[in-house]
Amino acid sequence: MSDELVIGGKSFKSRLIVGTGRYRTMEDMVEAVEASGTEMITVAIRRLDLDDPGQKTLLDYIDWNKYQILPNTAGCATVEEAMFVARLGREVGKTDFVKLEVIPDPKYLFPDGAATLEAARLLVEEGFIVLPYVHADPTLAKKLQDAGCATVMPLGSAIGSGQGIHTIEEIKIIIEQATVPIVVDAGLAVPSDASLALELGADAVLVNSAIAQADTPALMAEAFKHGVEAGRKAYLAGRIGVRQYAAASSPTTDVPQPVPARS
Amino acid sequence: MINLTVNGKPRSIEKSVQLEDYLLSFGVNLDHVAVGYNGEVIKKEEFPKVSLSDGDILEIVRPVGGG
Amino acid sequence: MSDELVIGGKSFKSRLIVGTGRYRTMEDMVEAVEASGTEMITVAIRRLDLDDPGQKTLLDYIDWNKYQILPNTAGCATVEEAMFVARLGREVGKTDFVKLEVIPDPKYLFPDGAATLEAARLLVEEGFIVLPYVHADPTLAKKLQDAGCATVMPLGSAIGSGQGIHTIEEIKIIIEQATVPIVVDAGLAVPSDASLALELGADAVLVNSAIAQADTPALMAEAFKHGVEAGRKAYLAGRIGVRQYAAASSPTTDVPQPVPARS
Amino acid sequence: MINLTVNGKPRSIEKSVQLEDYLLSFGVNLDHVAVGYNGEVIKKEEFPKVSLSDGDILEIVRPVGGG
Amino acid sequence: MSDELVIGGKSFKSRLIVGTGRYRTMEDMVEAVEASGTEMITVAIRRLDLDDPGQKTLLDYIDWNKYQILPNTAGCATVEEAMFVARLGREVGKTDFVKLEVIPDPKYLFPDGAATLEAARLLVEEGFIVLPYVHADPTLAKKLQDAGCATVMPLGSAIGSGQGIHTIEEIKIIIEQATVPIVVDAGLAVPSDASLALELGADAVLVNSAIAQADTPALMAEAFKHGVEAGRKAYLAGRIGVRQYAAASSPTTDVPQPVPARS
Amino acid sequence: MSDELVIGGKSFKSRLIVGTGRYRTMEDMVEAVEASGTEMITVAIRRLDLDDPGQKTLLDYIDWNKYQILPNTAGCATVEEAMFVARLGREVGKTDFVKLEVIPDPKYLFPDGAATLEAARLLVEEGFIVLPYVHADPTLAKKLQDAGCATVMPLGSAIGSGQGIHTIEEIKIIIEQATVPIVVDAGLAVPSDASLALELGADAVLVNSAIAQADTPALMAEAFKHGVEAGRKAYLAGRIGVRQYAAASSPTTDVPQPVPARS
Amino acid sequence: MINLTVNGKPRSIEKSVQLEDYLLSFGVNLDHVAVGYNGEVIKKEEFPKVSLSDGDILEIVRPVGGG
Amino acid sequence: MINLTVNGKPRSIEKSVQLEDYLLSFGVNLDHVAVGYNGEVIKKEEFPKVSLSDGDILEIVRPVGGG
């Protein structure tokens, strides 16, 4: 059965997008990315240290031809900053894909919906394939897909908080009205979070801290790979409904009966 | 004397040079960076065509791990 | 890394126990059992129809040498009935394993803890390997393991209800104090339920209705196989902690800054 | 005339027979069933040694799908 | 102890704002409003039926001097419509208070955050005391309070859905960063929802459908009155913390011991 | 409307039972008990200090004629101990009421269901009015009411843990099948917990730590008084149902429309 | 003949009248309504000063139950 | 010499006394306590009828704050 995720005209077999930040070592990162089976990885764009310009970059560790690179605009608090970093990312990443983040709040790293929408419209005009990171606000999600975004990426909870998905109900509605793939991003801590998102009909998840900061990142990456597989297959297999009462899984008739020995 | 702002810090060069040469002078791998020039992002092909002048502001960036 | 589940002295690679009831067809059942990768399946013991004694039984569909058979006492409301059915199951199943159920309540099929404990003690004396199905009551769980049960199987929610796991907090405590494998049984609806149970440290899950009644049982079985893999690997990989605030997954310094074009 | 209760229903036989023969008379596959005899569960090896008498209560069971 | 809620320079003793819509009869409405002990009621602005211009209005049922009237902009999908209806409400309601709603989505009635923010800024300029109804988006909430809104009113769940508060985590953050009173609005179904909101530090709640559509509206209004009292008092009384283990509420020493009768 | 709670043939107007343990001072306790409006208070039975036999007891602080005294068997781990302490409590408390606790586990203070059931049967025979504290196990609850207990008191979470009610689903079922008053006990932390229990149809709640350990016990007691009132009234008022979609609380027609000024 | 749009419906009057008189002609209680006049909201005091002319668009509103 | 166990601790008295007198000797308020005597709980009315003898085990209890 072919079951592919299509974003910006590209097909992906894996529904797990992996972030490359917060690993203890680059080796951890490389192993985890491989173990995850992902086909798309996010990267951040930062200033080169001119006092050590030869230092290795992500490009020295990862074969960019093996993965769809998804440059992000993390660290940007305004539309202007996000536009600038998106354009830089396009050059260095050699891709039109961009994970759009406009985040004024350093404490919870919650995105600015209005600014994200404005930046998304401008980036779409410039031919970017825009994957915006936003609060799980169904009205905003609708406007973003109508604005030509390639996906909508509602958050589960605060980035890196490991709190899981607090926004189930909103995400269900976002999925219900979706015309583009929905990618649940941020806060996922364990594969059951990822599985749940896909069971509900989300098209993919983006995971970084849960893998990078696990005791054993590569093993956790594998766990998420299975979790995403599980969730997608369950969605396609059609889950049972919820019933108030029990339904016996063994026949309720023809139960053998003990008898008293004859007197 | 030409004064530049590069990645937020003041730097100066004797005389105007091409952007590309300036980057190479740092030993930068041109395939691994992108450059903002006075707020504009310029393509790699343009590097040779840009000659730096006093007050220019450069952002030389690379990809790093991020989520 | 070898990571095996040991119950009653036998080792299992799969941590998914599958029930064989409620399938639409025997073909569905056989396919699902195979797709699940399970090594242990539950069966019920019922009267033979003497007007059609040649009718096929489970034994005609499934190779009992491939699986650990786990006869249950479903349908029994008293200690005496459960003892009798357990002994019949031992003969026909040619195994000492028994899934002990003592269930007086037909509406929610909730077990009778006191009666289950009494029956468990008697069956242990008779050399059975007892896997008791009980409410997620930590005190009862402790008494059952102290009584020599091979596992404790706390319920997530009503059998076949598809409500998932309502008893997370109790199950955490049961796991914390466990001296035998803990198998979460009943109510699981989707693989995220299974994954969650294993992430918390449960040793296995038992699933029947969620697979048997799914639109596509074999595919749902595969989904649960992945869910169990995901949960176990995540448990071993060591999940991240929960934090109140966000933790940036991209560096917060060296963010490139746009500048106004010179006038 | 010998009256039995088998799987909850009354059945009768002309004269006493061995349990094993009785089971085989139904065409039952002995490897696929277990038998309760007046509340006791008896092993397959015992089947030939038990001869049915009036009032005996039999439970002849098989495995079925269950959770 | 004086503990007043101050909105737009006015002090209120009651922290329960009540809506006047969806009652089965006007008598139900009047009774419920009185039983609730509220000091602020919302009203909608609608066209007069010119074929029956003498028909009674709310003004014939309720003494507007007893309550702070809060005209809403319900039914408005755009900034322009909301501005127009707000201005009409100001004239007929003889108050600068306005409950700002900009809702393009008829299915879930979720507000448009960006449009609400834009309208809020314009209304503040015109001297309105603006109480905006928005999704529980902490970033948006911050912008609204910074824009001069008199409160922020995050939603618990869809209007009239009776689903309760799905947005606890977001609301906690909105409260944490609040510089104006936070009023939880929409979705509340039972007084425990209201109590919970105030226990978390919300300053008030707005309730309509839960009262209007209850079997006995006046009694439910009374229930909410108590619920709000309970929640506020609990907030001020300082709740106990959460601990993983138990803490005995009876002394654990000097327990009397039975003894065997002497032989 | 008369709405009384009847336990063991006695009528109570208050549905809040209050514990007298864990207060910082006896004054706190007295104030809180009064502020709570309770008519029934629990007490523990402990050895008198013979080196200071004149020390004040609860009896010096509280007028036992004003309250139904409910002696408990806290601290008892076995049936025998519980029977002995129950009998002592009957003498000193001059009442047949007893809160039955049989708790072998010191960490979570979870009760032993089987032992509690056995002790309950014996105490009922001796004419006690038995209020057993048990895990929220519907089957056990049924057996206790069938055994002649005056109430069943299922736990919400570990005693004194402040975790609230983890056992909602089980408690709903216990209420559904109840033939005696159901009193939710243990773990309640805030009045919304109490209100929720009563909204679901519980007949009363028992609260101790949440009041005794609050920063201001008397104020928290008042908060719980309101919470219980709120929950009971809401139960009687008949709550609205839950709907997936929104239901407008303002009319959706006759919305005034702005128009462009004529050119 | 003067054609108006009032609350979304066409209405006409013989000759121009003051807004206030027009409202009173319906028996409207002026204290209970607000009026939008060609998209502008006008205060009650202004009612006497506005004389209706062809094409005018009126919104005459009242408060109703709402949440 | 009569040895008792009272509230878990050994105590002794010169010669046998009635339980009631023994309790009063401590200044105990009889209305505020209950007594376990060798595992039996005895009613207040019985106090005068019980005379303590060697090896008796007493539990003298009072109500305290509890939940």
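Going by the order they are written in, the chains are A, B, C, D, E, F, G and H; count residues from 1 in each one.
In this section, a contact is a pair of C-beta atoms (placed from the backbone, for glycine too) under 8 Å apart; a residue touches a chain by one contact, two chains touch by 3 or more.
Predicted, not measured: the structure shown is a model, and the values here were computed from it.
In terms of the stated touch criterion, chain B and chain G have no partners in common.
When the interfaces E-G and B-C are ranked by how many C-beta pairs touch across them, E-G comes first.
With centres computed as the average of Cα coordinates, no chain lies farther from chain E than D. A repeat of the A-B interface exists among E-G, F-G or B-C. It is E-G, with more than half of its contact pairs matching by residue number. Between chain A and chain D the centroid-to-centroid distance comes to 61 Å (mean Cα coordinates, whole Å). The centroid of the Cα atoms in chain A and the matching centroid in chain E are 34 Å apart. One simple way to say how far apart two chains are is to compare their mean CA positions; for chain D and chain E this gives 72 Å. Note: centroid distance chain E to chain F, computed from Cα atoms, is 29 Å. Touching two or more other chains at once are residues 7-8, 36, 39, 59, 61, 64-67 of chain H.
The set of chain E residues that touch two or more partner chains comprises 19, 21-22, 44-47, 72, 74, 84, 88, 108, 110, 159-160, 163, 208-209, 212, 248-251, 254, 256-258.
Every pair of chains that touch is listed here: A-B, A-C, A-D, A-E, B-C, C-D, C-F, E-F, E-G, E-H, F-G, F-H. Of all residues in chain C, those touching chain F in their complex are 104-105, 108, 110-114, 117, 135, 137-140, 142-143, 157, 163, 166, 168-170, 173. Note for the complex: chain C touches chain D at residues 19-23, 26, 29, 42-48, 50, 53-54, 57-59, 69, 71-72, 74, 84, 87-93, 159-160, 206, 208-209, 212.
Residues of chain A touching chain C in their complex: 19, 21-22, 44-47, 49, 72, 74-76, 80-81, 83-85, 88, 106-110, 158-163, 189-196, 199, 208-210, 212-217, 219-220, 222-227, 229-234, 236-258. Contacts from chain E toward chain H in the complex involve residues 248-251, 254, 256-262. The touching residues of chain D, counted against chain A in their complex, run 5, 7-8, 36, 38-40, 55, 57, 59, 61, 64-67.
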